[in-house]
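Can you keep this structure in mind? I'll have questions shortly.
Chain lettering (A, B, C, D and E) follows the sequence in which the chains are written, and residue indices restart at 1 in each chain.
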Amino acid sequence: MSLSRYILRRLALTAITLLGVIIAVFLMARVLPGDPVTVKAGQYATPEIKEQLRIQMGLDKPLPQQLATYIGNVLQGDLGQSTRSGHTVREDIGQRLPVTLELALASLIVAGGIGIPLGIYAALHHGSKRDAGIQQLAIFSAATPVFWLGLVLIYLFYARWNIAPAPVGQLSTNVEPPRTITHLLLVDSLLTLNWTTFKDAAGHLILPVITLSVVVMSPFIKMARTSMLNVLGSDYITAARSLGLSDREIIRQDALKNVMVQLLTVSGIVLGYLLAGNVLVETIFAWPGLGFYAWNALTGSDYDAIQGFVLVVAVIYVFLNFFVDLAYTLIDPRIRLA
Amino acid sequence: MTEMHRPLLAIEHLSIGFPNERDGTMHPVVRDSSFVVNRNEVVGLVGESGSGKTQTAMSVLRLTKPPGQVLHGRILLDGDDILQMNDIQLRQVRGNRAAMIFQSPRTSLNPLMTIGNQVGRIYTRQRGMKKKDAGDATLEMLRRVGIAGPARVAASYPHQLSGGMAQRVMIAMMLACDPELLIADEPTTGLDVTIQAQIFELIQEIQQETHMALLLITHDLGVIAEVCQRVVVMQLGRIVEIAPVDTLFADPVHPYTRRLVGSILRPDLEVLPAAARGNDFPPVVLEVGGDRYQAVSVDSWRSVNVGRPEMVEVAPGHQVLAHAVDAPSEAVA
Amino acid sequence: MEQERNNRSAELTQALNSRGLTRRNLLAAFAASTAMIALKEGASAAPYSAQQVRALAQETGAAAKLVIANGQDLDEADPHYFKSIPSYYLMANAYDNLFGHPYVEQEDGGLTPEVDENDDWVLEPWLVESWETSEDEKVLTFHLREGLTFQDGSPLTAQDVKATFDRGVSPTSVYSNLVFNLMTITSPDQIAAPDDLTVVLTLEQPTAFAYKILATNVFNIMSAAALEEHATEDDPTAHQWFSKNTFGSAAYTLTKWTPGVEWELSLNENFWNKDAVLNGGVLNRTIPSPQERLSLLVNGDVDIAFDLLPKDLSELASNPDIAVLDFEIPWPQYLGMNNRIPPFDNVDVRRAVSHAIPYQTIIDQVMYGYAKPLKSPCAEGMPTSDPSFWAYDGGPERAREILEGLGLSDFSFDIAVRNGFPTHEQIAVWIQSSMMEAGANVNILKMTDAEYLEKFNSGALQSWVGEWYSWINDPIYHLNFNFHSAATATNGAGYSNPQVDELIDAAMYEPDKETRDQMSRDIQQIIVDEAPWGLLYQINYVVATRANVSGFQYNPDTTSKYWLVSKS
Amino acid sequence: MSAEPILAVDNLEQRFKTPGGLVYAVNGVTFQVAAGESVGLVGESGSGKSTIAKSIVRLGEPTGGSIVYRGQDITHLGDNQMRSLRSKLQMVFQDPTLSLNPRLSVRQTLSEPLRLHKIANGKADLDAHLNRLMDLVNLERNLLDRRPGQLSGGQRQRVGIARAIATEPDFIVLDEPTSSLDMSIRISIIELLRNLQQEMGLAYLFISHDLSTVRYLCSRVIVLYLGTIVEEGTVEEIFSAPKHPYTQALLSAVPIPDPALRSSRNRIVLPGETPHLTHPIVGCPLADRCPYVEPSHREGRIPMVSVGPGDHRVACLLYQDGSGAGATAPDASEAA
Amino acid sequence: MAASIPTTPHANAGGESWSNDWVQLELVDPDAAETGYGRKRNALAILGFIALGLVLLMAILGPELAPYNPNKPDPAVTLQGPSREHLMGTDQYGRDVFSRVLHAARLDLRVAISITAVALIVGTLVGGLIGFYGGVLEHVVMRIIDVILAFPGFVLALGIAAMLGNSTRNVIIAVAIAYIPYYVRLVRSEMLALREQEYAAAAKVVGVRKIRILLYHLLPNALPIALAQATLTLGWGILDAAGLSFLGVGIRPPTPEWGVLVGEGAQYINSGQWWISVFPGLAILIAVLGFNLVGDWARDRFGPR
């Protein structure tokens, strides 16, 4: 199969999945306990007011028609309106996505930056004490409840030693946010040479990034170690050894690229998790990102916001998968031409 | 020329162990094995699956995969003990003085690297060539191993090659190393009969051309008979018999060897070999008492506690593994 | 105290559902309140009662920006539609009303509304200079101040008032139109602006609450020109624009609003009373976690923090950098028991639970003293509040006796609490513990807003931790909403007693204060006896500020005019 | 060959759809097997021999042609109709490690066909049958309760054979039954198969890439290349006087272990590789590798011609004149 | 496969069982040496068994060992740090944290096992069916699985838990649904391989019906891989269930459950009352650690090679 046909096929599958996702999200909101009208109308609303709202929100129409309207709206980028913020969900999510992205990328870089070398190191010293130690680290990191770790870090570094800034958001109140360029505070403050802001933003990032990266480090360590071991145990490494290539050359020329192919998948999964799944950490650190938004929407029964969040997260996830697959295909010639 | 008397490769009392997964005890897969390969000699190492022949071959280039390890013994390449070498010395042996062809050529090539790069890097590394020269040399070498479109093959990835083609590439890589000793580990397993013939023809041709020593590992006695001068037979980690090829086929001593030779199916003969009739063979050991040899089934032998088996020379250049006993017990096979 | 905020938002909607109010009721209530209005009539000299505060601040030349930590975000900025508590604050600071309140300073430095001898909060004229009430009390005439301006400098005239009220009364403005109906204004015809400075409201019935209601935020004055300018074909009332922007006449304008993060009030350069402003603007941060609001306050990152947890407040009291302002207000918190469904359809079960509630433990362990015992549905501070009918000191032992007497020695019920209301949850746990001693099993059901609201509305909650705060400090108004059987939307307990209904209806029209007060006490007696609510406590409105902050006032509709707040 | 054929394969065709396009695996194969006869089907990987085997036992469905078993066309028979025939039409698979369910004991594996086809009734009867089967394949009865993992390769294949003969079939497809076994075990399995054939009057279709084993077991040989039959004849004819250049190359490629005979062999090494069957075969399938190829060999369909007194036939244009040995035809008989 | 015979990887590579005899014979050989390899794996497994044993002990004996009633508030001792009377301190209601942690073990274990069982059974059956029969059903199910997998697991569980309302049963369902797709995929692809296995073909040739081939021959062989996955789900299940409870959409407070306990203590962390959250969190850590390590060990020992 040619590459372009492969991509087209994958895209078609992705489109089907996305349609399914939209329908699932639509149905989810119908099943959530409580009634969106009640939430909008408030505790003491009369039936008349609610009926009026119901018509206004189009909820009196038959379900398939509502679904059609919903799909139409979603395709036009209209995700509805948040009852809590009063803004369109699109605006809200647009604002929070970069916030989450900053935390996610930072954690990914830290976790990958530490986890991958550790995993590779462990594989290279397979069976040694150091290998065992690194494996233990990975096992502990995978077993740590992320919400608990966040709390412990806050207790130690903020409440007890007062080293870290208050675990509230991205910046201290008295610090001006930088001019928006990339929407990433750290990058923007660096680009605008705003050191105070940079330091403050970095300070706020430290604890949540540690929390997240400890937890997502495990897959990096494990995957790097396993795939490195697999590669090292593979016939072509033995063959390369038999040719007199040094370990360094072999690792650089033969092993790393093969390991990276595996790690790409892990990175995709981890990034997806970080972008979408860190509801817990964002809640604990009041990090004004997607997860925190979703959490507030969920407890506040902000239906459009929940729908919007779930949808956006699923779309990100699906596309991340798609791009990981694509990158995989581009790197590994076996898949490309299989 | 005293050097001529020294064998190119001498394996002395080699034992290789793999740990038991449960308790970590080392389990020998090769034990107390000794044999030599002389210059310009083709030696066959034969045995059925699990006999330890591949592990023996791997250990020669110190390629035993951890957690397996050489427990004991020496591997002398032209007098230098490979097991005692440091990394730098070792790298000068590998791909230079000795090289190896592996069982599955397609998995022995890096799937993410083009053939041209994989062959070319031998030239840049071992011969210190410039990249461009290495490229030219690569094409030349591919042509030499009988690859029709060397440029196209050089640009392809391993998965795009057939098994036979991949094995030709492996051979090209070995040739690029220009070794004194070539170890070929089942180089035609998994290939079609007609392709096998091609590959053997190529290997033989190259051996005759370069006069390198060849250690050929195979389970196929037919191949041994066609290619080798001397044969080493392994069974369950032990070398049980070493003999010149003609002697081995004409006059095998060890019961295992006899059974192997006896079970050869020949397309030119209609009758089944008599030695092989009946049921599956029970494991058998050889007892030697005085000058009498006796095959004994393991079951009956086990009850008699005997010392370790040793290689006994039954004729010049013909050795066999036997357990020394006072007097051979009753025959079984 | 996080929970307060949400429930206060309910206060607005509660007013809208005045199905229990009849015209006759309103007439009676109006009669009762005229005396209070009369007190301040014609007095229009200074808009501020807290002159000394202003003087102090002006001396120090403080014009610093205030930073405030809120638990919730704004929902919207349109006075006729908003629901959330932060939006109350926004309205109070971006828009003006015809009337306001004077304040007195309390010991801890907070300014509290002045009350009269009847515990009624005193009104003072704000945008109006003077007003008249017609003989039949149906025609209210207001004379506006001269020189009032909107934020763009354009004059604020009677036409703006009419345009605003016309909009508010129109049926599209769902909430405000109901409030107008409360004061028997149902059509724009009843609102007139004969000249630039005169507004005439013609009521269908003399209405007791008319003036009081005019001081609440739904009656903010908007600009006729702005309403016209931002109207579109789809949106003739310009709701779209006003839901995100303010255009008022008060000290601030909303200049920035990042949902979920912060919103900022910047000084209105054209404020008609600019000299009175004591700070340089207000940045409101939205910080949902009470712990984090606390941290920010303690570290000096914010000047004022709302809705801190009682435990944290109690610890702050000893912090010299922090001032804890404690306003005692008539705000009852209760355990609602659904009188319509078992086991609470049995009055004795309700009494038993009332005995079992560990009142003091809750006040100590949950509220850390920022509350006091509640012995009547009309809390202390509400006119005619009478604690003498209270009879539930029996504790779990008495409860067990009653339950065993009923043959109900082993039964269970659910208490619903809403997500994000930690104190409610704690209260439920203490009640659970006490009920265990009384031999009953309690399940605590934590619910999302939607589930909770839907079940509340459909009368499906068995019991719940609730609270009710009446904007208008009048016992009949208060009792009507909560205990009149016709007030179905607000009487969540589904309490129904014909005698109480009759008394409430009668009290609404009763012109004689003595008689009316007695009726209020009679109702209280019946309700305490029949125990539709477990009277948990009355909560204090507590705000923590940095010690250098002064001038924070408590307004009866639970807002504060920030321009009176300064920081040294 | 005079006997009524137990199996007749006529013009069998099999095409597969793959991501890389159509694969022409079997292209018009016709042969017959008589009752009690043992026919060898020889070819390298990709010659279509396994595909043919699968079609015969209805593990695959051919895209063309027919398979007739005892006069009944079974080419497109449904699962249920086929089930009753299965007791007579059996198969032994290549690798017993794969073809025996690792979770089932020998007893369970062997009981299944006995129960299914109601051959054994009751426990005692079943045990008797099982014991007899074990005896037939020379396995100790105490192995009945072992699982495949606890058996040696030879023992496993014996179990595979026992399963195939459990229902007393009259036709068995043997799909390379010895190729996964160590050399020392192969012979005993072949011996067993031969004995069983004699005892039970079985007909075999023996599929193999290994000419040596074919010789011991079969009376007739069919040589396949790229899904077409290139030569067929008796064992004697094929081994002593192979006609088709491919057959000759195949035979000569087998290593001869006897050093004495090695020198006498005329080794033929075919150049190039087995091509992929992505196009319909036109002309001689061996054209690209054949040393005797002529342009005319690349056209049309090559017919089978008789080259001997019996049924020795070959699909090669070199023997087109019918004489049995064309002028240019190689004679490799000295290889034997 | 063949987990039943003790083999070394090499001695049995040819599958000849008698080769074992030979090796046993030769084991008297002094060459056979002891090394440390395998010890470390065992050390980790022992750590895992200790951790799991601890949790099991808590689950079985917890209620007996607990010194106090876990749900009985005591206004006299609220928010007290760890002491001799209260090993892990008390919470805001004066309940004994130690007793609550002990009582929670049984519930958490039950939740983890239930989640795993539901996901395992449903996922294996569905995956087995669609993998074996293929066709339209397979396409439809796989598209549904794609849709489910489009949502990050925890978000999905969060959504479902919110939809169903918080009860123990619903938490189990929510988390299990998030894990089912992994089993479906795993067992399906295993089944795709298994149905091509020669022993499936052999069974067909013998005349076995399709459904019996699936249930009797193939599914049992797909189980080891599913069970290997299950050992992971046990640990993740606890983490997810606790995470949901921490957020308040899981098990209802004040039911003692570790996630609930951490959540209850969260609001006291900043003011220094760390013990309410820290100890239950440690319990989660130990339990998950135990499951993961023992799972690793079991996969090594019994899992598919």
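Following the convention adopted for this analysis, a residue touches a chain if its C-beta (ideal position, glycine included) is under 8 Å from a C-beta of that chain, and two chains touch if they have at least 3 such contacts.
This is a predicted model, so every value here is computed, not measured.
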{"item": "Intersection of the contact lists for chain A and chain D", "value": "B, E"}
{"item": "Length of the shortest touching-chain route, chain A through to chain E", "value": "1"}
{"item": "Centre-to-centre distance between chain C and chain A (centres being mean Cα positions), rounded to whole Å", "value": "41"}
{"item": "Mean-CA-position distance for chain E and chain C (Å)", "value": "51"}
{"item": "Centroid spacing, where centroids are CA-atom means, of chain B and chain C in whole angstrom", "value": "92"}
{"item": "Distance between chain centroids, defined by C-alpha means - chain D, chain E (Å)", "value": "49"}
{"item": "Multi-partner residues of chain E (each touching 2 or more other chains)", "value": "14-16, 18, 37, 162, 165, 248, 269-271"}
{"item": "Contacts with 2+ other chains: residues of chain B", "value": "48-49, 67"}
{"item": "Per-residue overlap in chain C, given as positions that touch at least 2 other chains", "value": "295, 419, 447-448, 451"}
{"item": "List of chain A residues in touch with chain B within their complex", "value": "126-127, 233-236, 238-247, 249, 253-254, 257-258, 261, 331-334, 337-338"}
{"item": "Residues on chain E engaged by chain A in the complex (per definition of touch)", "value": "37, 40, 43-44, 143-144, 146-148, 150-155, 158-159, 162-163, 165, 235, 239, 242-243, 246-249, 259, 262-263, 265-266, 269-272, 274, 277-278, 280-281, 284-285, 288-289, 292-293, 296"}
{"item": "Chain D to chain B touching residues, read off their complex", "value": "44-45, 138, 152, 154-155, 182-188, 190-191, 209-213, 215-216, 235, 239, 249-259, 261-262, 267, 269-271, 273-274, 336"}
{"item": "Parts of chain C lying in touch with chain E, wherever the complex brings them together", "value": "290-291, 294-295, 309, 311-312, 315, 358, 361, 364-365, 419, 422, 425-426, 429-430, 432-433, 436, 443-448, 451"}
{"item": "Touching residues on chain A, where the partner in the complex is chain C", "value": "32-36, 38-39, 41-46, 49, 52-53, 82-87, 91-92, 95-96, 158, 166-169, 172-174, 286, 288, 292-293, 296, 298-301, 303"}
